[in-house]
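First chain written, first letter: the chains are A, B, C and D, and each begins at residue 1.
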Amino acid sequence: MQLGPTLIDDTFAEAFGMRYCRLIVTAADGYWLDAAVREFSGYSASVIACDAEIGIERRLSPAESPDGRVGVSLLVFGFSTDALAKAIPNRTGQCLMTCPSTAVFNGLPHSETKIPLGKHLRYFGDGYQKGKLISTRRYWRIPVMDGEFIVEDVLGVERGVAGGNIILQAREQSVALAAARRAAEAVHAMPGVIAPFPGGVARSGSKVGSRYKGLKASTADAYCPTLRGRVLCNLHPETNCAYEIVIDGETESAVGQAMVAAMQAAAGEGIVAITAGNYGGKLGKFHFHLHKLLS
Amino acid sequence: MQLGPTLIDDTFAEAFGMRYCRLIVTAADGYWLDAAVREFSGYSASVIACDAEIGIERRLSPAESPDGRVGVSLLVFGFSTDALAKAIPNRTGQCLMTCPSTAVFNGLPHSETKIPLGKHLRYFGDGYQKGKLISTRRYWRIPVMDGEFIVEDVLGVERGVAGGNIILQAREQSVALAAARRAAEAVHAMPGVIAPFPGGVARSGSKVGSRYKGLKASTADAYCPTLRGRVLCNLHPETNCAYEIVIDGETESAVGQAMVAAMQAAAGEGIVAITAGNYGGKLGKFHFHLHKLLS
Amino acid sequence: MQLGPTLIDDTFAEAFGMRYCRLIVTAADGYWLDAAVREFSGYSASVIACDAEIGIERRLSPAESPDGRVGVSLLVFGFSTDALAKAIPNRTGQCLMTCPSTAVFNGLPHSETKIPLGKHLRYFGDGYQKGKLISTRRYWRIPVMDGEFIVEDVLGVERGVAGGNIILQAREQSVALAAARRAAEAVHAMPGVIAPFPGGVARSGSKVGSRYKGLKASTADAYCPTLRGRVLCNLHPETNCAYEIVIDGETESAVGQAMVAAMQAAAGEGIVAITAGNYGGKLGKFHFHLHKLLS
Amino acid sequence: MQLGPTLIDDTFAEAFGMRYCRLIVTAADGYWLDAAVREFSGYSASVIACDAEIGIERRLSPAESPDGRVGVSLLVFGFSTDALAKAIPNRTGQCLMTCPSTAVFNGLPHSETKIPLGKHLRYFGDGYQKGKLISTRRYWRIPVMDGEFIVEDVLGVERGVAGGNIILQAREQSVALAAARRAAEAVHAMPGVIAPFPGGVARSGSKVGSRYKGLKASTADAYCPTLRGRVLCNLHPETNCAYEIVIDGETESAVGQAMVAAMQAAAGEGIVAITAGNYGGKLGKFHFHLHKLLS
């Protein structure tokens, strides 16, 4: 199957069920909002070695945000509800409570499963914190140097889909970089998804296992162009550079649509092929067949 | 003492000896360099609860960078050489090796103390990595999907100074935010220092101890304007909003000069006072007296 | 009338009928799109001395844009259809045709009134340009160094509303700057409007006439805080700093809604009053009464 | 001659003597400084159809700037002193005087030739403006809504060099775009130069004359890849996409060094050749031979 000049491999991306939360963060203006987002969403590319996978879902205008200020909707994915219950309060305390002017709200208020956020952070107030119930939602006002940090008591948790992906392949690195950026910008514009790797893109794919004892993962040699000829190679014969766009989302449908947007944006002159990463189909319960997505 | 309309308290900032490394990171262009920096330097405001304090020291033009590409010099502070030896390889593996097109170099090549970087990460190459000695410095070429990730074998470690600070105080939050931003921008322009908090500024100052068992730190109530009257207050009587600019640097002199730049940028209309945080002078070996710095 | 702590003057903004076009500009990625927008929308604050008033209406995802690339919708306001017919081809030739990878489309395809764009620029192709009709719309392919510049033959022109405004007033400049930025960010998030002044804000309001012969306009002395006591002052007695957010939009309703968003974002601590600029109501046919808008 | 995999043509760039001014612009913080720069430096790619060629020379820290705030040094090139004397006050009045919090200073105080700036703009003050002499330099304080706009009386004018250039050529557009961006970023990092086209790069090169009467310039068909075979082609036979980086600078040496930086940054995989634009050497008095620059 072709998408313009680009061959689309007849294969599938294998994705996994994960849990996620949505945080709505607001701030006094765009400078402080960006400062908060940068601090909160760093060091969060992959749950293989980070505590969470985090990205911006979308920006909120003052008219859309809960307190009439500029805001952002962040999605945070973790292996389990427990993992999120540990990671998010830690990061919120270090990265958002510390950031001038921010407030934090629950973006999944209707979820049955909940984890503590303000319920946990409030103790930083050393007894001076105050609860506030508005309709059915509880907030905490924690005294800080610029007044009070407003943070919602709990966050809803839902089941999401993580690890949707495409792998784009090019003859030259600058062509691949340009296509990767286009794909990442296309995913960022889609609702309900994030691309958690740096700039939305991963370059160091990994396989399970290693020849070194004690290491659980190592470079995905079958996708390393410089190893062609020494190992079994899964890349198109003309490929000298490949990048992976990894996509986490609220639903199977959101991930699939984002994969389509990523393929359409990436395909083009110099992109010899687009494939996807899977583990034979036995590990992850979601299979995104590229040809089916595009038809 | 006055700095224009702003009272400068007769007090001092108390800072600590910490260890630091300098990473030189380069990338194909500004988009990917920023992606790398965002990923690497998030979740790094304070070693009280993060694994390191990280910030951009300065940007490097292609002419200044080791491989002729755009680059950045990052400073990473930790409690000890061991703490850095753990945090930096983890973050480099998750945030820089994963990021398209980056390379990582040792920015302190003459230091006697060294920690492993590529020496550790190379195992990700699963036996396909290659070492390369150029003059006296060793680099590793680790096969990844876009070719090879180049990373220096070791990083130098030096003794630095962490926790220099000023606390600016205003009647109104928007005045304080503006002054905080001016101060942060002034510090970012100084050599040899970083301001590791979000946007360069901290709003949730902490004191040692808590009324809740098991918590080691809690809000610095003496600096919370909303608690005035209920607790002993260290703020100027007219202050309704305060922010702290925390500064880590290579030397006592670099930190002191950055504090001066921060005070000069922050002082002005509506900033009633500038003070500094200390612990009575017994914990940290560096004391920065505000009046002495400004005279 | 109060909006929180801020007095809303019982007055109105006086706005004018102007003509506008909508350009859809696309580019290879966000870097080049921003380069195109910066070049095209500079030097365009006010038609009093510029050839047009220009701003970003909104950003377009690849899925929304006409050629599947990242895009932007720009609104361009002018005194007349003739003025737009002169300004827009000049600017497009200098700022967009010169910019790597861009294409330009008509964002008002259903308008009856049309001005030439590609119809005019095509002559740059020196006879090598080619027309292309897709459905009922004609495009030109002009050979340039990176291939072909695609530009639509004509642009639709509609009647819009220009000069909606609010003037916010504060005791201190940093408070006023913060409120102005909040208001500008709120307007940027509203559909169908632009705020054409730098950063969305004007600080040098003008009155008609001058004591110097030959000058048609001079500083609006009644709104200059430093002249209080020397001239009749229209500012609140506590005001030391004022800023105007000027809003142009597609319809009276779009401008009015953006003024509401601007007032709600600007009002707050330290903003003593919000007023609006008018000329007694005799020059402009649109009158936006602040109290009516907010009720 | 080769620069890595890239052929460097044995030719020269032909540049011209032009006049330039340096404006130092400061503002309250980076948001307003960027707003001022965007407004002032748009619509300024080429004096063939704009009133000036404008770009950022470098950013100034508070410690370097004349009033202790963040600043920027802008270079403005024009055909003549008279052209600058017309363009700069117009743009300053529309783009900087209107922008919240800015001030404007003369960055060439030692030049013998001077043009009026504040001397001209002061009349906007309608008689309320005030002059101020500090040492030998005169400033004007013009009352505006946020207080006073500070602007220096005159600007120095010097002889500079405009139109230095390289033309990079690639097989594929995305390779060319990446190289163009690298080159532009390299030029931006060099002192004493600007790259006035959008994002630093021009794609619609022009030749003198046209087959259409009344048009003075038309597309440089010899550099249009899609016209190969129909016209005499100056491009490398494998080139499908070319971009020009145009460089204006203070001195012949500054322009030459920036051309070297641009070539070093642009050359690489997929860039088949780098050439330069000239008019046979008879129009411009400065000739930059690529081979000589690189040796």
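Points worth noting:
Going forward, a contact is a pair of C-beta atoms (placed from the backbone, for glycine too) under 8 Å apart; a residue touches a chain by one contact, two chains touch by 3 or more.
By chain, with names taken from UniProt: A, B, C, D = Formylmethanofuran--tetrahydromethanopterin formyltransferase.
Worth saying up front: this structure is predicted, and the values here are computed from it rather than measured.
Comparing the contact residues of chain B and chain C by number shows a mostly shared set, over half of all numbers used being common to the two copies.
When you average the Cα atoms of each chain and compare centres, the chain farthest from chain A turns out to be D.
By number of C-beta pairs in contact, A-B leads when A-C and A-B are compared.
With centres set at the average Cα position, the gap from chain A to chain C is 35 Å.
Our note on geometry: chain B versus chain C, Cα centroid distance of 40 Å, whole angstroms.
Centres computed as Cα averages put chain A at a distance of 26 Å from chain B. Among the residues of chain C, those in touch with two or more other chains are 28-31, 173-174, 177-178, 181.
Looking at the complex, you find that chain B touches chain A at residues 28-29, 31-32, 34-36, 38-46, 49-50, 90-91, 93-101, 123-128, 142-149, 167, 173-174, 176-177, 180-181, 197-206, 210-212, 215, 217-221, 223-227, 230-231, 240-244. Residues of chain C that touch chain A in their complex: 28-30, 61-64, 68-70, 178, 181-182, 185-186, 189-190, 261, 264-265.
Across the complex, chain C is touched by residues 29-31, 172-175, 177-179, 268-270 of chain B.
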